[in-house]
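Multiple structures are listed underneath, in structure tokens.
What follows is a pair of complexes built around subunit A, which joins subunit B in one and subunit C in the other.
For the complex of A and B:
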């Protein structure tokens, strides 16, 4: 009964949405409404004004830097919330011995071989994110996935030993702090939030620095999610 | 995209398992991202990178930036939801909604 009602509601909503979407201009034409006004202004702004040849990074870190700040705050808040749920302190039953799943030697060898290359690729994506497609979040996610993979293969204890805990406290917040610093510096020195300096090389340097901070912050957030789940499994 | 969104909504509304609801939420988010990215595309256009020898017309960079932010937010929501589900299972013993909503004896 409930399923049938849900089906009817969903079909009605789908019909309404299709009617709405079909009124949109068909995608693909270069002078549709989405490409005029703001997007054309950003594209014509050029490399110098934007500070980065990759226009998506220019939009994310220069024109719409406040949105990216909000995004960094969201991922950091999710990390805090996950840590605050406190999975490590609750057991599902009688005390279980930490069981280490035996990892096949093939998986072990392949992951160990590939890890430096994956890390190199992640770093490349972070640092070249302002020229080629890539950027802070993409590289950070690859780096975080690499660390989770290593944690699965080497065991979470090795992973925890790789990340020194006192430094972890501050490194996790580095993305947030870097953004706050950039915003504050812009406000103090030039009068408005996130103002970037005029010289193109300094502009580019600051954008690369912000990318690096975002990358490290995203990677550590992913590792934080994984380690909190691991703590629960081994309880 | 609309059909994908409708499928995701149906999953969220009808499935009893909490993890399946989160999967349905992810399907809805994917549909929205797909819609935004395709709205910014240009047939035969090039990616919005200056300086790589690509010439206009460029795909709209704003659509890509929007979706990047959206994907990160979706990831954070999914991670937090999954951790909360684990906690619910630890406290209440089950992740099926009918069992959770039964009044305690």
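For the complex of A and C:
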């Protein structure tokens, strides 16, 4: 009985959704409703107004920077939550020495060989994200993935030594601080949040700075998750 | 049907197939790998549909990072679904 009811509900919902979808304009058509309002405005003036030829970046980091700020806060809150529930394993009495598992020589060689290229590509994505596809978050995730790979191959203790603790404390919040600074500076100097200055080079500099901050913040959040899980595994 | 549509249909059927396989899989490690397959197919679809920014995020987060985090969780919990 309940199954039949669920089936009816699903079918009705599917028919309604299909009816809705069939009314949509074809994807990419220039006179679709979504392309005639703010989107046209972004495409016309986005490059000059937001300091980023890549319009995705222009929308993410300027037109809807407040939204991106919220996303940065979510990632940071997730990291804080993971660290707060005590998975990090620091200062919890004598830690059991983790046995180092042998890594396959193939994996070891490939990771060591590819590491500089992956790091270069991540930096390229972060710094060129306002011109080409990509951006701070994507580059940061690639950077974080690289650090996790190095942790898997070289051992998490060596990875932890590569990240100095006192500096880490503040750099984890760098994306949050950079966004707050950009928002506050815009509000103080021009009267609205995330307002950019007149000079084009300064606009570009601020966008690149925000990208860099997002990248570092995302990479450190991912490494934080990984190190927490790793420390937890040996407890 | 143009070659573009054929490509989209192939990717979409791969997405549905891998999603069904994930739901039915009893071996959770295999399910995590299928999750990566799903994400990678979706990444191809994003590229094909002209959204390279989203595709990069999908490839890095969906196909890469989540798999590692899931595997660590499996190492702590267990590989088989009860």
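To be clear about the criterion, the second predicted complex is superposed on the first by the 197 of 235 C-alpha atoms of A that agree within 3 Å, B and C clash if a C-alpha of one lies under 4 Å from a C-alpha of the other, contacts with A are read in each partner's own complex, and residues count from 1 in each chain.
We adopt the following convention: a residue touches a chain if its C-beta (ideal position, glycine included) is under 8 Å from a C-beta of that chain, and two chains touch if they have at least 3 such contacts.
For clarity, every value in this text was computed on a predicted model and none was experimentally measured.
Colleague: So, does A:145 touch the first partner subunit B, the second partner subunit C, both, or neither?
Modeller: Second partner only, subunit C.
Colleague: Spot which of subunit B and subunit C makes contact with more residues of subunit A, would you?
Modeller: Comparing subunit B with subunit C, the partner touching more subunit A residues is B.
Colleague: After lining up the shared chain so the two structures overlap, which partner does A:230 touch, if you call subunit B first and subunit C second: first, second, both or neither?
Modeller: The answer is second: A:230 touches subunit C but not subunit B.
Colleague: For A:66, select first, second, both or neither according to whether it touches subunit B, subunit C, the two together, or no partner.
Modeller: neither
Colleague: Is A:110 touching anything from subunit B or subunit C once the two structures are fitted on A? First, second, both or neither.
Modeller: Neither subunit B nor subunit C is touched by A:110.
Colleague: Figure out whether A:24 sits in contact with subunit B (first) or subunit C (second), or with both, or with neither.
Modeller: first
Colleague: Between subunit B (first) and subunit C (second), which does A:8 come into contact with in this model arrangement: first, second, both, or neither?
Modeller: neither
Colleague: Take the contacts of subunit A with subunit B and those with subunit C, and give the residues found in both.
Modeller: 27-28, 54, 56, 133, 135, 137, 225, 229, 232
Colleague: Show me the residue ranges of subunit A that touch subunit C in the complex, using the header's touch definition.
Modeller: It comes out as residues 27-28, 54, 56-57, 125, 133-135, 137-138, 141-142, 144-145, 148, 222, 225-226, 229-230, 232-233.
Colleague: Show which residues of subunit B lie in contact with subunit A when the two form their complex.
Modeller: Interface residues on subunit B, with respect to subunit A: 1-3, 5-6, 9-10, 13-14, 35, 38-43, 45, 47-52, 56-58, 60-65, 68-69, 71-73, 75-77, 79-80, 83-84, 86-87, 89-91.
Colleague: Spell out the residues on subunit C that touch subunit A in their complex, using ranges where they run on.
Modeller: Subunit C reaches subunit A through residues 49-50, 52-53, 55-57, 60-61, 64-65, 68-69, 72-73, 75-76.
Colleague: Quick one: which bits of subunit A touch subunit B in the complex? Just the residue numbers, please.
Modeller: Touching subunit B from subunit A are residues 2-3, 6-7, 9-11, 13-14, 17-18, 21, 24, 27-30, 34-35, 38-39, 42-43, 46-47, 53-56, 58-60, 64, 67-68, 70-71, 74-75, 77-78, 81-82, 85, 87, 90-92, 131-133, 135, 137, 218, 221, 225, 228-229, 232.
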